[in-house]
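The data blocks that follow each hold one structure.
Look at the two complexes coming up: chain A is in both, with chain B in one and chain C in the other.
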Partner chain A sequence: MTELLVKNAHVIDPLSGINGETMDIAIRDGKIVEEVSAAAEVIDARGMLTMPGGIDSHTHICGTKVNFGRYMSPEDMRAGRTPRRGPMHATSGYSVPTTYGNSYRYSVMGYTTLLEGAMAPLEARHTHEEFTYTPLQDTMANTLFDGNWSIMEAIRDGDVKRVAAIIAWTLSAVKGFGVKLTNPGGTEAWQWGKNVSCIRDPVPYFGVTPAEIIRSVIEANELLHLPHSVHLHCNNLGTPGNYTCTLGSLGLAPDLNPRRQTLYATHVQFHAYGGSGWKDFSSKSEPIANLVNMRPQVVIDMGQILFGRTTTMTADGPMEFNLYRLHHEKWSNHDVELETGSGIIPVIYRRKNLVNSVMWAIGLELALLTKSPWQCLLTTDNPNGAPFVRYPEIIGLLMSRRYRDAEFATIHPDTGSRVPLPAIDREMDWYEIAVMTRAGQARALGIQDLGKGHLAPGADADVAIYPIRIDEVDPSADYQKVIDGFSRTEYTIKRGRVVARRGECVVHGSNSTLWVRPKVSENYDMGKDPEFVEKFDRYYTVRMSNYPVQEQYLNRSRCIETETEL
Partner chain B sequence: MNVKDAVCPFCGCLCDDIEVEIEGDRVVGVTNACELGATKFLGGERLKSPIRREGKAWKEISYDEAIRYAADMLLDAERPLLYGWSGTHGEAQCVGVHMAELVRGVIDNTSSVCHGPSVLAIQEVGHPGCTLGVVKNRADLLIYWGSNPIDAHPRHLSRYTCYAEGFFLENAFRDRKVVVVDVRKTQTANIADEFVRVRPGGDYAILSALRAIVRGKTDTIPRMVAGVTRDQLVRVADLCLNAKFGAVYFGLGLTMIPGKYKNIRNAIELVTELNRHTKFTISAMRGHYNVYGSNEVNTWMTGYPFAIDFSRGIAFYNPGETTAVDVLARKECDAALIVGSDPAAHFPRRCIEHLAEIPVVQLDPYPNATTAFCKVQIPVAVTGVDAEGTAYRMDGVPIRTRKVLSSDYLSDEEVLSRMYALMQEALKR
Partner chain C sequence: MMRVNLTLKPMGSWSIPIEAESIIPANFLSGTDLTVWRGNRELGLEEAFSVSVVGGADRAEDVEIVLAGKTARLKRVGEYMDAGKITVLGDIGMHCGNFMTGGTIEIQGNADGWLGREMGGGSIICRGNAADYCASGYRGGRKGMTGGRVEVYGRVGDFLAENLAGGTVIVHGDAGDMPGAEMRGGTLIIHGDCTRPAANMKDGACYVYGTARWMLPTFRNLGTVRHEGRTLIQFTGDVANRGKGNLFVGNYEYLD
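What follows is the complex of A and B.
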């Protein structure tokens, strides 16, 4: 039995309804408990902002495309090197760090749970291998279904239950957590070098539209009672005028689940563009935020960009090719048979570039114009908008109008006429930041009942203690203190152990992987469905028996079984 | 007993539809595999136990002694080299990286003498690729460039490309066109619709000419380019532009000739250009069944696919300096651990001469050319036969190889983990 007592912590724990109380947190054997014995080890957190461990609900940290981002970018690897030190292994990389690099840097910022945003089922084993080497965070993977042939065929046949059955079989096989649609239909079209322009364009050969895919997969997701909703990367990312497409996509979501949203739309900054071309490119954050404000069934994340160098990577292959044609940097693409694809290019976001300046404003506007922080979560779509190590800067920008104005003065001078940002006064408070960086994520992912994102007794003892005295720091003026404080915890506690202290990771760690197994009746077991099996045998290049990810790949497997309507 | 869907641990095709017939502790039959794969499954005379060189003779020693010897050798070394890794499973490769980091060694894999130049090209211009099944289901044009799959990857054509059933092709065999580019008429060239015979060393010029034609600059091309007529190049470019889906597979005939990575860069840029007109992909014909896995493991753990030098504590990458051949040729390294490869059969003489001068430990089930240079050889189980573990196919698809029979041999991962544990313990003291 190990016991730990965090004393005198200044706690913000939105899911428990705690907003700035000084209290003790008792921990036994990795869980929060009511009280511990006098023998417990004590940490004095007097005056320090203490919150549940951070959760990233959309980040690219592990798997085929992330690793290819490293593979093709020795220049990025050189830009972030640390030697082996104590229990810490050597790390490389700035925008796409090695797995240890990701894990240590997230831990130092107080993050304890990460969702990999895009896992191709056929290559799931790779994602899980890298999870094992991301030891200081619990991990889970969104599984890609955007170009899944069997699903598109089931949709064409109007059989939503079959869609659900295919999702159930695949999630169980690949040990996935959530359902991800990246440019639905577009990734299949891209295997012919084509794309779909918006939600009403039919997918070549399959004939279904992205709208049909989105709607059917949402229904299927709810038939399976999955913890998380459908996680959507809308069609038409990154093009001027795409906000109408985004509004149309978000409008497709019915309100089907009382406990959480029915649709999670990710990195919406990249989908909130006005204009008919780059010349009249503008922000359309307002109509998007207005729609979100009216629809509790929708949660979005920011996808904020920050100026500087990074690497873009997404399952959205056609978008990356378009981006390549703009930037003329190196370009990688990787299509995955019968399922999905991906693309990668490095980019530099520049203050002197008008389009980049407008993009920067849009991300902030989405957060500031969305009334409820539960409905707009803090992300950069790491590393697409910026590497996650820059999250504290975003917190600073959201909390300080003065900081925003100072930054605004340095960006392209024409930005002001194209964005509403200068007129927005809102400054977020500590509580709202806690929602946007952990509590909101836990609720949106449906993992609060698994003990994530809060500090009530029974919860996982994942705690972030920041060296910030919130009663003494005025974030509006002292934004640099806010940035510094969120950059480096005093203590990060994972599963009841101190794992990081003042910028150093102090243990090797061992992650858990959360995944979902929907329980379906015999009739809906696709592993026994003759048509599904035949299709698999004929058109995949991996045998069906070799496709499922074996349990050996899951470190501390945490399987979530769901009761379904199948 | 028959094992179905076994995974062949020979080449980068990583065929996973093999049926293996087992009697007792022996493989007696192999179905579906090519001759290379079948031979690997059927096996040969393995070393019975670890051996140590004593003067001119070999002495059998225990695993404990052998592992202790290797750990001490690496701990004593000032600049150890940990080389090979393509012929073992990913779990063992991960331990190898940790070992290299611990002793501040150089870790390199066989890609530094095969597709290393391809990696360098990708690092300059990226890589438009796809999984093999995308090609199988869609490609109506295949280009084998400097590669001869009929000999080296015998089932590539039947399982993944020309002769494989394709969803979007009515008659895959008839509907696909094949172009072969090579300096000699290989067996694969015999099945080509268009065989482009290049003068040795002329590939770069051919690629540049094709790029020019694709860009509409045919009039700038001389009548002959590197032994190939302009007419033929125009025909090939037209085939590319008119294809719905084209796939280029290149081999060492493009990477290991003069120009090296520049050839690959040119080929990738041709493919990128073609993507402005139609769908095109390009991929390397990787050799060892898990050479790509070694690149993957090295990359997520260190940031680089091969040639990693930990001597400064950080991971440092500079192919040409930190590649095994260079470290050996400069006579820098003072001990070598070889896993899952046979450098003595492939490295330049100067490197092998240095290997003869320093302590060398090899993990390999069989005696090979490198055995002659070893102080100790540790026989291990064969991944995919009597050990299981992860391998990455040439297109990046990870597959778990199966253990089709039991033996008393330890796997690479087990041997290396014990070695690593001894090293960690020694350094703690």
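What follows is the complex of A and C.
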């Protein structure tokens, strides 16, 4: 039995309804408890800001796509080099660091749970192996279903239960957590040399539209009672005028689940563009935020960009090809058999570039114009908008109008006429930031009942203590202190152990992987469905028996079984 | 003037190269208390070299380092050098003159790979041959050499002046495959022959006075021009990369 007592913590824990109380946190065997014995080890937080461990609900840190980013950019490994130190392995890389680099840097910022945003089912083993070497965070993987042949055929036949059954079989097989749709139908269309311009365009051969895919998969997701909702990367990413498509997609979501949203739309910044081309490119964050404000069944994340170098990576193949035609730099695209695809391009976002400046403003506007912080979460779509190590800068921008104005003065001078940002006065408070970086994520991912994202007794003892005394710091003026504070915790506690202390990781760690096994009846076991099995044997390059990821690939397997309606 | 003579001691059975980024003129202004690395072991300069210093200097411009001995496996000499002179009497190992911004390196023998990688200024003269990636960029990087001058009197290997973005590179002998790949500025002059010059070039000028073999089909022929007493055929490209570079060749042969 190991016990830990964090004394004098100034706690903000939105899921427990705690907004700034100085209290003690008792921890026994990795869980929060009511009280511990006098023998417990004591940490004195001395009134510092204490929150549940950070959760990133959309990041790209592990898997084939990320690794191909590493292959493509050996120059990225010149940055961020740190030697082996104590229990810390050597790390390198900036936008696509080594797995240990990701894990240590997240831990130093107080993050304890990460969701890999897009895992191609066929390539799941790679993701799980990299998870094993991301030791200081619990991990989950959203699984891609955007161009799944069997699902599109089931949708064409109007059989939502079959869609659900395929999702159930695949999630169990690849040890996935949630359902991800990346440019639904678009990547499949691109393999025919086409794309879908919006949600009403049919996918070649299959004849289904993105709207039908989104709606059917949402219904299937709820039939399976999955913890997370459908996680959508809308069609038409990065195109001027795409906001209408985004509004249409978000409008498709019915309100089916009282406990959480029914649709999670990710990196919406990339989907909130006005104009008919790059010349009249403008922000359409307002109509999007207005729609989100009216629809509690929708949660979005920012997908903020920050200026500098990074790597874009997505399963949205056609979008990356268009980006390549814009930049003419190095580029990779990839096809994943019957499932999806991907593309990777390194980019540099520049202040002197008008389009990049408008993009920068849009992300902030989405967060500031969405009234409820529970509905707009803080992300950069790491590393697409910026590497996650820059999250503290975004917190600073959201909390300080003065900082926004100072930054705004350095970007392209024409930005002001194209974005509403200069007129927005809102400055977020500590509580809202806590929602946007952990509590909101836990609720959106449906993992608060698994003890994530809060500090009530029974929760996992994942705690971040930041060297900030919120009664002494005015975030509006001292934004640099806010940025510094969120960049480096005083203590990061994971599963009841101190894992990071003032920028140094102090233990080897060992992650858990959360995955979902929906319980379906015999009739809906796709592993025994003759048509599904035949399709598999005929078109995949692997045998069906070799496809599932064995549990040995998961470091600490944490299976979530759901009762379904199948 | 200050002259530093460094003679590499016989390495015995050691085959591990020595990394000697500390050997630049500016470092000797404050004495010879420097270290080099052999594998994971740090050695004092005097453990690896016989050191003698003649005269004195108070600025790096007045320091000359003379390297003698079997220096073919001595790496990173002159890295980040900004002034002064280094003379290598024999061969030199990889990464000589990385990132240098000023001063002169003269190599009497041959240079191994990555000579003058990403240099920004100064000059390198190699009397012998240079291996691959001479005057190039870093793997995957966008910009290679940005300024200065590299002159090689012998042959060079593959990927000469890859990602060249500025400065001048002159080779008196032949070059290998893919010289001037991804060029985006600067001037590359090859007196001899080479294969596939200037692939994917964006900008800059590449001269091949000899024959360009396996000439890439993505360059547009603009006809003949006179250049310093020679008649050369001018191409522009690389069209595949929307490039506006100029490629001048004495002769060319397409791959059959």
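Definition applied: the second predicted complex is superposed on the first by the 566 of 566 C-alpha atoms of A that agree within 3 Å, B and C clash if a C-alpha of one lies under 4 Å from a C-alpha of the other, contacts with A are read in each partner's own complex, and residues count from 1 in each chain.
Simple rule for what comes next: a residue touches a chain if its C-beta (ideal position, glycine included) is under 8 Å from a C-beta of that chain, and two chains touch if they have at least 3 such contacts.
This is a predicted model, so every value here is computed, not measured.
Trainee: Which holds for A:404: it touches chain B only (first), chain C only (second), both, or neither?
Mentor: In the superposition, A:404 contacts neither chain B nor chain C.
Trainee: Looking at chain A, does chain C or chain B touch more of its residues?
Mentor: Residues of chain A touched, chain B against chain C: more for B.
Trainee: Which partner chains sit in contact with A:64 here, chain B, chain C, both or neither? Use first/second/both/neither.
Mentor: first
Trainee: After lining up the shared chain so the two structures overlap, which partner does A:122 touch, if you call chain B first and chain C second: first, second, both or neither?
Mentor: In the superposed model, A:122 contacts chain B only, not chain C.
Trainee: With both complexes superposed on chain A, which partner does A:328 reach: first (chain B), second (chain C), both or neither?
Mentor: Second partner only, chain C.
Trainee: Classify the contacts of A:338 with the two partner chains as first (chain B alone), second (chain C alone), both, or neither.
Mentor: It touches chain B, and chain C stays clear.
Trainee: Touch check for A:497: first (chain B), second (chain C), both, or neither?
Mentor: A:497: touches no partner chain.
Trainee: Quick check on the superposed pair: does A:74 touch chain B, chain C, both, or neither? Answer first, second, both or neither.
Mentor: Both partners, chain B and chain C.
Trainee: Looking at A:28 after the superposition, I want to know if it touches chain B, chain C, both of them or none. Which is it: first, second, both, neither?
Mentor: The answer is neither, since A:28 touches no partner chain.
Trainee: Overlap the chain B and chain C contact sets on chain A and report the shared residues.
Mentor: On chain A, the overlap between the chain B and chain C contacts is residues 72-74, 78, 329-330.
Trainee: Could you please specify the touching residues of chain A with respect to chain C in the complex?
Mentor: Interface residues on the chain A side: 72-76, 78, 328-330.
Trainee: Applying the document's contact rule, which stretches of chain B touch chain A when the two form their complex?
Mentor: These residues of chain B touch chain A: 4-5, 7, 16-17, 90, 94, 98, 101-102, 119, 122-134, 136-138, 159-160, 165, 167-168, 244-245, 272, 275-276, 278-279, 281, 295-296, 299-305, 310, 312-315, 317, 390, 392, 396-400.
Trainee: What does chain A use to touch chain B in their complex?
Mentor: So the residues of chain A touching chain B come out as 62, 64, 67-68, 70-74, 77-78, 81-84, 89-93, 97-101, 122-123, 125-126, 129-130, 133, 191-193, 205, 321, 324-325, 329-338, 341, 344-345, 538-543, 545-546, 550, 552.
Trainee: Can you list the residues on chain C that touch chain A in the complex?
Mentor: 138-142, 241-242
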